[in-house]
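Down below are the structures I want you to see.
Shared between the two complexes below is subunit A, which has subunit B as its partner in the first and subunit C in the second.
Here is the complex of A and B:
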């Protein structure tokens, strides 16, 4: 290969590495956003033991930053026109590629277990809401916050509390049909109409279910890690193929 | 006291209170009724008043056709109208329209299979029917399977008001221990209700019809919810397959690249023109610069230097004699 073509190839490798470094840094930032869990829905996945979305986010934090560093090193290695450096670069990039693959696949697969349909979330709510164990307290707090902020009740609707036996029903069933978080409140946080809410009057209770919100949040986390990770990996794949060609043309 | 009072008989009772003595027979045919009015001695004196009374009565009869005479489910669209152990009924407005000072309306709530038991007990026993079947033991296996609970004073449910949004929750007291408390019904049973008019001396004055069968849904245990994997989403399949293929392809390309670069030296030799014996490298320092660098070597052959740096790589046959 002529010197001119080699130089051109070198510039292509450098440009792709620069883009991949930026993409890796963005992956790092997005994965931090997921791990921080701004919507505070971690207990729903943590209590059921299926918190791999967040584990994948942690992996993506490390791989994103590693991509950034390694691609900068790759720019340096390409400028040096050194086979040894390029070989090290390729090996490290390949290892990071495998880890990032694992992260993307894990997040996508685990999401299907958690929010494929409302059963798991509903069963967990019925079992742990108002339970006095640590998990029960976490779930109770999470559900109360979701029901009050998103203005919803139950997983598919208030009828979940009527149809199924639950810890809440065992403990408070003679006074309350469903939790007071299901009731509409005034701006002073007082329940607007407690009698009407316990009877199920449509204007005093939140009739829709919370599952849609929970599913959309967890899906948002998953697609951030998994689809964005996938797109970074496609870019890195292309970069590595070009880098391998460049390596073969060196010397 | 008759349990069911068709509206015509009620009309007769009303007329009887105004025109005394008219209800001399139990014949309730309409022709006889009107003839008895017209032939009544007071008829001539009270013709106009009778006509106005009749019109009022007919209007009342017409409105009376809409009167409920049995407990009914509330007409509101409450989400908890019928749960596994509670029921929401309409309040008993205009069920008992007779004047009865100090009377109360009570509700009989029980399994529909116990309707006959209750009726028989009421007809036969003279004791206080309110304590016939106390709530705590009401639904035990060998018990009567009904209980009585107080709804309110008769005066609280006048007939001139008819609010449809008022309701009464059967089971509002939860699992309680009073004799006549408003406790929950058995889970998933078929229940029937009846109103009773009880006076201040705790004697039964009147009772309504039995309501229709109301089947309570059975409470499902939460273990019946299957929370395993429901279905794999398309996105997950796409991501997994494409990434696995990409990783495998990358590994393959990497190995090919390693093979190509490692095997290159031998391939290069066979392709390149081998140095022939006729090429001669003049060496001018054979005598004094053996161990050190050779400054007189031809720079055109600099790249071939490593091929000839040791004696083993020098052409064995040496220069051919020209």
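Here is the complex of A and C:
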């Protein structure tokens, strides 16, 4: 390959590495956002033992930052026109690529387990809401917050509390049919009509289910890690193919 | 003729004296449902006729024929609650219910309904429902990419120099 063409290829490698470094840093930032869990829904996946969306986010934090550092090294290696440096770059990039693939695939698969349909979330709610164990307290707190903020009741609706047996029914079933978090509240946080809500007056209770919100949040986290990770990986794949061609052209 | 009219006139108050008893209807009365596993939501006796009087709800559990009574005060108009919640029933059991106003001896017809059954939450199947298209696409494309990169690395290391 002529010297001019090799220089051109070198610039392409440097440009792609610069873009990949920026993309890796953005992946690092997005994965931190997922790990921080601003919607505070971690207990729903943690208690069920299927918290790999968050595990994948942690892996993506490390691989995103590693992509950033290694791509900067790659710019340096390409400028040096050194075979040894390029070989090290290629091997390290390949290893990081493997880990990031694992992260993207894990997040996508785990999302299907958790929120493919409302069964797992509903069963967990019926089992752990109002339970006095540590997991019970976490689930109770999470569900109370979701029901009050999103203005919903139960997984698919208030009928969940009627159709199924639950820990809540065993403990409070003689007084309450559903938790008071299902009731509409005034701006002072008092229940608007406690007697009406306890009886099921439609204007005092939230009729929709919370599953849609939970599903959309966990999907948002998953798409952040898996789809954005996937797009970074496609860019890195393309960069590595060009880098391998460049490596083969070096003497 | 006059005698017939007198007889009819005497029968009329008895018709008006029958209290209405029914399960509340979600579409008409603005409630979520009226049949629960352990309760019923029944219509209250008319507040303008019986407001502030003490009433009794007599209910019998079939098939054991156990008789029970709930006493309450009929709320006066305007009524805030949509109905009367009869609690502490057994699930999947049939009950006979009847209102009776104390003192005036007005009664309602008999209402026979069954409480709903509960499903145990352990019966809910929380296994993997289905694999989404996104997951399949990401897995397949990334697996192919990993293999392609590995082959590319091997080729570039073997066929260099």
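Quick note on the criterion: the second predicted complex is superposed on the first by the 251 of 251 C-alpha atoms of A that agree within 3 Å, B and C clash if a C-alpha of one lies under 4 Å from a C-alpha of the other, contacts with A are read in each partner's own complex, and residues count from 1 in each chain.
The rule we apply is simple: a contact is a pair of C-beta atoms (placed from the backbone, for glycine too) under 8 Å apart; a residue touches a chain by one contact, two chains touch by 3 or more.
All values reported here derive from a predicted model rather than from experimental measurement.
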{"item": "Side-by-side fit of subunit B and subunit C on subunit A, or clash", "value": "clash"}
{"item": "Which superposed partner A:173 touches (first subunit B, second subunit C, both, neither)", "value": "both"}
{"item": "Touching partner for A:203 - first (subunit B), second (subunit C), both, neither", "value": "second"}
{"item": "Which of subunit B and subunit C A:123 touches, first, second, both or neither", "value": "both"}
{"item": "Which superposed partner A:11 touches (first subunit B, second subunit C, both, neither)", "value": "neither"}
{"item": "Common ground on subunit A, meaning residues reached by subunit C in one complex and by subunit B in the other", "value": "83, 90, 94, 97-98, 101, 104-105, 108-109, 111-113, 116-117, 119-120, 122-124, 126-127, 158-159, 162-166, 169, 173-174, 177, 198-202, 205, 207, 226-227, 230, 233-234, 237, 240-241, 244, 247-248"}
{"item": "Complex contacts: residues of subunit A adjacent to subunit B", "value": "83, 90, 94, 97-98, 101, 104-105, 108-109, 111-113, 116-117, 119-120, 122-124, 126-127, 158-159, 162-166, 169, 173-175, 177, 198-202, 205, 207, 223, 226-227, 230, 233-234, 237, 240-241, 244, 247-248"}
{"item": "Sites on subunit C touched by subunit A in the complex", "value": "26, 30-34, 36-39, 41, 80-83, 85, 87-88, 116, 118-122, 124-126, 128-132, 134-135, 138-139, 141-143, 145-146, 148-150, 152-153, 155-157, 159-161"}
{"item": "In the complex with subunit A, residue positions of subunit B that touch it", "value": "76-81, 83-84, 86, 88, 167, 169, 173-175, 184, 217, 219-222, 225-227, 229-233, 235-236, 239-240, 242-244, 246-247, 249-251, 253-254, 257, 260-261"}
{"item": "Touching residues on subunit A, where the partner in the complex is subunit C", "value": "83, 87, 90-91, 94, 97-98, 101, 104-105, 108-109, 111-113, 116-117, 119-120, 122-124, 126-127, 158-159, 162-166, 169, 173-174, 177, 193, 195-196, 198-203, 205, 207, 226-227, 230, 233-234, 237, 240-241, 244-245, 247-248, 250-251"}
